[in-house]
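This report refers to the structure that appears directly beneath it.
The first chain written gets the first letter, and so on, giving A, B, C, D and E; residue counts start at 1 in each chain.
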Amino acid sequence: MIEKKDSLAIGEYIKNFARKHSLFVLAYGTGCGAIEIPPTMTSRYDAERFGIRGAATPRQADVLLITGYLATKTLKRVIRVYEQMQDPKYVIGFGSCTINGGMYWDSYNTINSLDKYIPVDVFINGCMPRPEAVISGFVKLQEYIQEGKADGWRKYQNNIEEYRENQKRIIKNWRMPDYNL
Amino acid sequence: MVIADPIYYIVLPLLTAFLLPLFGKLYKPLIGIIPGFVFLFLAYMSVILMIDIRPDNPIITKIAGWTPPFGINLVFSSFSGFIASLISIMGFLIWAYSYKFKKVGFDDSLKYFILLLLVVTGSIGIVLTGDIFNLFVFLEITGISAYALTALYRGRDGAEAAFKFLLIGAFASSMILLAIILLYTQVGTLNMAEISVRMHEVDLKIKVLIFILFFVGFGIEAEMFPLNGWVPDAYSQAPGPIAAVFAGMVAKAGIYALVRIIYLMFDLEGAFHLLLIMGVITMIIAEVVALRQEALRRMLAYSSIGQMGLIMIAFSFNTEQGVFAAIFLMFNHAIIKSLLFLTTSFLVYNTKTKLISDLDGFGKKMPLVSLLFGLGAFAIVGLPPFSGFWSKLYVLIAAANQHMEVIIALILSVSVVEIIYYFKVISRLYFRKASEEIPIQKPSLNSSIVMIVLGLIIISVGVYPDLITGLIENATTSLLNKDLYIEKILPGLAEIIN
Amino acid sequence: MNWSLILGITITIITAFTVGMFYGGISRKVTARIQNRVGPPIWQNFLDVLKLYSKESAIHHGWMQHLGPLWAITASTATLMFVPILNNGQFYQNLNFSGDLIFLMYMMVFGQLGMALGAGQTGNPNSAIGVSRGLSQMVGYKVPWLLALVAIMVQYKATSITGLIELQNQIGWLMFASPFAFIAGLLAFIGMMHYSPFDIVFAPSELASGPPSEFGGKYLGLMMTSGSIFTFAKLVLFVDVFLGGASNILELLLKTFVIYMIPVIYGIVSPRYRTEQSIRYFWGWPTFFGVIGMLYAWYMIS
Amino acid sequence: MMNSLFLLLFILFGSAILSYIGHRISETLGNIIVVVGAFSASIWFFVGFETPAEFSYKIADFDALWSFSSYSWIFAALVSILSPLALLYSTSYMKGKERLGTFYFNFFLSILGMIGITMSQDFISLFIFWEIMTWSSYLIVIYLGKDVEKVGIKYMIFSAIGAYALLMGIVLINREVGSLLIEDAFAYFPQIQFSTQLLIGILLLIGFSIKSAMMPLHVWAPGAYSNSPMSYTAVFSGALSKMGIYGLGLVFIRLLSSGEFTLINEIFAWAGAITTLMATFYAIIQDDAKKLLAYSSIGQLGYIIVGVAIGTELSIMAAIYLAILHAAFKGNLFMAIGAVEKQTGSTDMTLVTGLIRKMPLTFFSTLVSIIALAAVPPLGGFVGKWMLYQSLLASEHFFLIIVIFTASTAAFLYSFKILYSLFLGQEEPEFKNIKEAPLPMLIPMILLSLFLIVTGTFPGILFEPIANGMKYLGFNDVNWNMSLLVNAWGDEVNLQHVSMYIGTIFIVAFIFISLKNRKRTRYVTTKDISTSGEIPLPHENLSFKLNFYKPFERAISPVMKKTMDSIYDEIGNGLNALFQFIRYIYSGNGQGYALYVIIFFVLLLLLKNQIFGL
Amino acid sequence: MSEQIKEKETLEALTKTFEKVNGIVQRDKRVIVETDAEIIPGVLLYAKERLKFTHFSHMSCVDWIENNQFELVYILWSPEDKIQLIIKCVINREKPIIQNIDNIWRQANTYEREIREMFGVEFEGLIGAKEFILEDWDDIPPMRKDFDTKEYSSKHFFDRPGREDAKDVRTVITERSGEEIPDFAKKYSRD
């Protein structure tokens, strides 16, 4: 006999299984890390065997891959893209710059900590991280998804005011429409 | 009961014309009123006469009691009577139209009315007379008064037009006179009926020569190409109603004379071919040239020539249907073209340049005149349900029965051209914004009534053509039945000669 | 109500979905192997669709976008319903007695029009460009496709697919009986599958996937479902017309798989055409073969 | 006792006069008269009298007979249904325009012309009504005063050519048959000499095919359709062009029935097919919705011409069916575009955009009409196309079917374009305050949409009157089911199954997709699109409109280089130059004219032997 | 060593035409001149029209904060003579205004807008003188030497604290591998 709770759990398990094995990646490739994506996806490292494939638009994507530094200008676009994605959605911070600004730590136009502005599920450090590291990061994300710990999107929903406040410190002229929260 | 006698057609207007200055001395407005009464009487008389007239009982009036062939006689047959009635009624309408139109002072008005009376006299005389020399005399009366009317405004252009008219008219006169002299030397008579009977005695070569002289002479009056150089100038320079007179009377009288000599006097088969060829050429060239005209009245003048060409074509078939169609066309052309000229004279009067391009938005400024112009245009290009359609249809049927498919195609192609230039004017009248506000001379009541009457005739004949077809059938019979004509005028002569 | 019919329809749709999904997975695997990769598992497409259905939010730009995928799936299953899946199977008979080739040709466009309208409403310029390209290309490949089908219809005096299958049981496959029509049909069919070099509609690197670029979550899932069903329907149709249909499910799978692999393998090694090149391609050799096929048919009947 | 047919015309003519007078007094009064007049004529047509009513008379020695045959009744019914709807629509569409009296006068006259054509059983009254219809429509075409010289004159020239071709044919029939009654013509026609038969046939066909805008005689149509007010174009394209089809049907089936004229049939069928293809191509590259629909009309008429010209039972049936449907959907489309024009002030597809949320009902009726136009199965257009293809297949017109099928496929391009450009795409702030069209405009559109939906599932509704009409044309055993299509080889399409299946699946899928994640499915504006993270500013419109089918245009460019328009223009310029030359014969020089007289005289003397046969 | 004839000719032409122009031939194919800010458009136009320096290579700005000056550098290239011409001028740092030259070379507009935004130099009548690269900038222009980017960064962005032991990463690595920090690296060490 399967109880209702169990059946819900089974449903959740199946959902998470599908989610973790089908990651449509939207690479936000404005930073230098974008150069590491092609080897990751192509025959040498072949990320597609994990069910990872590129997505063309944020509407279809599950994972937002921030490859490297984010200028104040690009942050606005990243926030917009992130909010256009459908739940559940995950963010991978890629490279040192997303963690602490990296080599641009004292630049006037590059943000230092990405996770203050949007929730990041997995950081991959390195400058640049090699494809192996990238794949390892994805595998970590898959583990989190299976365990239900990759809930950055939920955190974002719940703490939207805090995130907005941080975002508005950078983006002074806030004229973005409201998106799906 | 008024005494109805064809002689009044000649006597009354002629007499009035000569007495008009006297009336003018008595009381000035009389010069306008008296011709009106004359025309009214003529029109009334026409109606009275036309009621009774049948193809087999033409009214023959002997002038001064001399019997033909020695005296001059007037023949009011179904055909000539029909045309004479048409001319007299048109005369009345044009008088009514122009009664107040002329504000040019006493002298000019006097001249205008005298000349108008003379033109009518001449035209009716041409139609009614049975004597070839008398016909020449009437032709001269018509011609001279027409030259004078052309130059009535005494402008440079008018004078030039009148001069051209005069020059070419002189050719016509001399040729016709020459022809009459030649004819007289051959047959020894001037009575048309007797000429007709005696014509077979004439040597063929001389006959042809006489015919050619007549043909060219009357062709000038009948606006035949290439003898019609005077037409555009005369039509466009003469006063508005006079253009209508030219289209409705002078040209009709010319074609009438031409047809009379062809049908009655000469029995030449080639004459019909010649008429057909000239008709086709006249029609095509005139319509094509009309397309390229920029001045409205010149356009109408060329259109008028084209219609005359069509009439010639219809006459040239030498069949009952052809003649029927031709007479119908003459009727329609007289009515419609008069309407067009009368309306045009108002339209043109209110523009600076007399060009078609100046007519933008007149549909709003002069609704009645524009509407009637449109009606006339619709009718003349032969759109049903207006009268022009029926005549065109009969021409086509006549042509079809002669197995002349090419002629049908030509007539119809030319009609397309006609449509193009008339509709160009209509679209300007109604569907363009007026460029500037010019004070408009509104048509007076009498002119409006005349134009409306013409319009009503067009519509009613168009909707119910049987109104007029009976008369035309009689006219046709009368024209084609040559022997009857001769028999009625000169009883027994034919037997004596043959 | 006719319960067996409803059951049959359900099973047909499920079969078509499954087969279409697996074929998609196989094509990905084959592509990967040719590119010397391991590639995703062949059930990868199921996971993708399942994931898309399990998305928790969805957006649409209006009713037309909401209805677009619906329209697509209606059309693709309808196409399937009016194609005989198996020659004499009771279960897969469905509604194929009440449709014919001409009907099917129009039915196949129905879904595309609906999709196009849905894509149009998103307001995304990429979607509209994709639609414009897709419709243009459709005019391109329809010409040889029609030539092929009309040649067959005229030659064998049948517009119903059932009739054609019966005919092929007697005279052999039309692939051999009308070779030119077959070549034209096959070349057009490659275009209809929208694989490279004819993937100008979706063109991920140019148009950000074209028409579906604003579709996510359940809408995209429905579109993928519809796409796999439609792929299967097209394959079955082609097999029915040219390869004599199939009398059992294995034969069907074999034949459809062979036909399916042709555009896939052709696509892997081909770059992408531009739109007008694609149209001109279809109006070139394929049309030529189609005309030859038509003349052949004409010769055969007269 | 007034004859019932005469009364019908009288009502129409009376409405024409009264609406003119009424509009001179006040617009409301005029509109009331217009609507009442139109509907009363329509009602009188349908319930006022039995079909075999007759009215015979003589006009100018020609026998004339008015009566509806079962064939012409179809077309008359078409006019009687479409025209009151169009007039109702018009009362709102034309609100505030100038010279409404004239407009409605001409509108009624052209309806009178159409009804007259269908009731004329003799050529003379047919021609008269034909011409009335022509000039009244001409006056409406140039009513708005745009492109008067170009469009209006072009329309009038071609109409005149057509009418005169008709007239010449009629005159020749009169000569050969001796009567202008249509029945007499049919009866005696086979006894005529073959070459005359051919000539008459070709002339009549040219006359009729010009009105149905067949290539290469179509060049008047795009301008005329798009230039007249949309409320009239609905009738113009929907019903008036069908008069040509009516005539073509008569000529092809009844007059040229002897079987010696198959070549003409083939030529016209091919002309129709090429018309369809080329008009579709031209429709695709248009940027003005009106122009697009105008070309689309030409294209659709091409199908009908093909059907009529093939002349088999099924093809005639298809043609009549398509004619009816075309009237419905094209009338509907023109009305919808008119509504867009009325509300936004433009029909330029590159400017107007995103109206679906503002004008949902207009969009709905456009959508339904487009589906019918594109012949997508659940709606009626498919039935007509299906029958047409089947008839072509059965009569072995292989390449013809390819051409029109290609055209039909290409029609999707413009179908989508018109829906997408006007109604879909990003919303424009300029059109923020646009409202749905007013009720008098919506009612006709909705009614026509319902008609299209019903006829899609149950085409049998239309088959009954069509079968009656077919009897008149000599096809006696036309027998069709309500919604089952069967071709010559016994293959069938069951439309009821189709509709039921589509309906069911649609509803099931609709429930599924609407209920799933219902709470978290949201509407977002069309500005919220994934454009690489960039935000379109309020005044920026990213809809892809300009050169929408540029690649397709490039692909078909070889056949689009030389248009019929340019050929006619060249001919026109050549003629103009010639006319200008001829014009100088009249030099205005008196001596010159005198010289002409002398030359003419001398010429006659010289040629007298030839002329008079001496 | 070439004769540098053309270079000299160019320099001569410039100095003869304009009083306030003086400069040197720096090396082969390179001429450097200095001039007044007022006549910059004239000099450039002359160079373009008469001396065939049709190609506008680059334009930049240098902040001489000590002299309270901005130096604007225009670099031209003559495709015909294959000579590079560098024209410099200085403007007051307090009131940095100069005439724009985007009507001489349209592409100069881009450089001018960038300089305007980054240094705060105003160009008279500049087309499109609005926000260009920086979005929502509300501080002094960032390329000026008195702008402290470190301070700005720590004020606006979230500095992530280092790891808890706060050791330099190099120290950690050397400790882990048992190697010395190389001398050249020592001066970069945080400890």
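Just so it is clear, a residue touches a chain if its C-beta (ideal position, glycine included) is under 8 Å from a C-beta of that chain, and two chains touch if they have at least 3 such contacts.
All figures in this text were calculated on a predicted structure; none of them were measured in a lab.
**Q** Give the chains in contact with both subunit B and subunit E, ordered by label.
**A** A chain counts here if it touches both subunit B and subunit E, and no chain qualifies.
**Q** Stepping chain to touching chain, what's the minimum from subunit A to subunit B?
**A** Contact-graph shortest path, subunit A to subunit B, evaluates to 2.
**Q** Through how few touching steps can subunit A be joined to subunit E?
**A** Minimum step count, subunit A to subunit E: 1.
**Q** Would you mind checking which chain's C-alpha centre is most distant from the centre of subunit C?
**A** Relative to subunit C, the chain whose C-alpha centre sits farthest away is B.
**Q** Using only alpha carbons, which chain's centroid is the nearest to the whole structure's centroid?
**A** D
**Q** Could you find the two chains linked by the most C-beta contact pairs?
**A** C-D
**Q** Quick check for the class: compute each chain's Cα centroid; which one is farthest from the centroid of subunit A?
**A** B
**Q** Where the centres are mean C-alpha positions, what is the separation of subunit A from subunit D, in Å?
**A** Roughly 58 Å separates the two chain centres.
**Q** Between subunit B and subunit D, what distance separates the C-alpha centroids? Give it in angstrom.
**A** Taking the average C-alpha coordinate of subunit B and of subunit D, the gap between them is 44 Å.
**Q** If you average the CA atoms of subunit B and of subunit C, how many Å lie between those two points?
**A** 79
**Q** For subunit C, jot down the residues that touch at least 2 other chains.
**A** Residues 55-59, 208, 213-214, 217 of subunit C each touch two or more of the other chains.
**Q** Identify all positions of subunit A at which a residue touches two or more other chains, and write them in rising order.
**A** Residue numbers touching two or more other chains: 57-59, 76, 87, 180.
**Q** Hey, what residues on subunit D touch two or more of the other chains?
**A** 520, 522, 524-525, 527-528, 530
**Q** Can you identify all of the chain pairs that touch?
**A** The list of touching pairs comes to A-C, A-D, A-E, B-D, C-D.
**Q** Can you tell me which positions in subunit D touch subunit B when the two form their complex?
**A** Residues 59-61, 124, 127-128, 131-132, 134-135, 138-139, 142-145, 148-149, 152-153, 156-157, 160-161, 164-165, 167-168, 171-172, 174-175, 199, 576, 578-580, 582-583, 585-586, 588, 590-594, 596-601, 604-605, 608, 611-614 of subunit D touch subunit B in their complex.
**Q** Please give the residue numbers of subunit D that touch subunit A in the complex, ascending.
**A** It comes out as residues 520, 522, 524-525, 527-528, 530, 532-535.
**Q** Going by the contact rule at the top, pick out the subunit B residues touching subunit D in the complex.
**A** So the residues of subunit B in touch with subunit D come to 160, 163-164, 167-168, 171, 175, 204-205, 208-209, 211-213, 215-216, 219-220, 226-227, 229-230, 232-233, 268-271, 273-274, 285, 288-289, 291-292, 378, 383-385, 389-390, 393, 396-397, 399-401, 405, 408-409, 412-413, 415-416, 419-420, 423-424, 427-428, 430-433, 464-466, 469.
**Q** Quick check on the complex: what are the subunit C residues that touch subunit A?
**A** Checking each residue of subunit C against subunit A gives 28, 32, 35-41, 44, 47-48, 50-51, 54-59, 204, 207-209, 212-217, 220.
**Q** Show me the residue ranges of subunit C that touch subunit D in the complex, using the header's touch definition.
**A** 53, 55-64, 66-67, 69-71, 73-74, 77-78, 81-82, 95, 97-100, 102-103, 105-107, 109-110, 112-113, 116-117, 120-125, 128-129, 131-133, 135-136, 138-140, 142-143, 146-147, 150-151, 153-154, 157-160, 163, 208, 213-214, 217-219, 222, 274-276, 279-280, 283, 294, 297-298, 301
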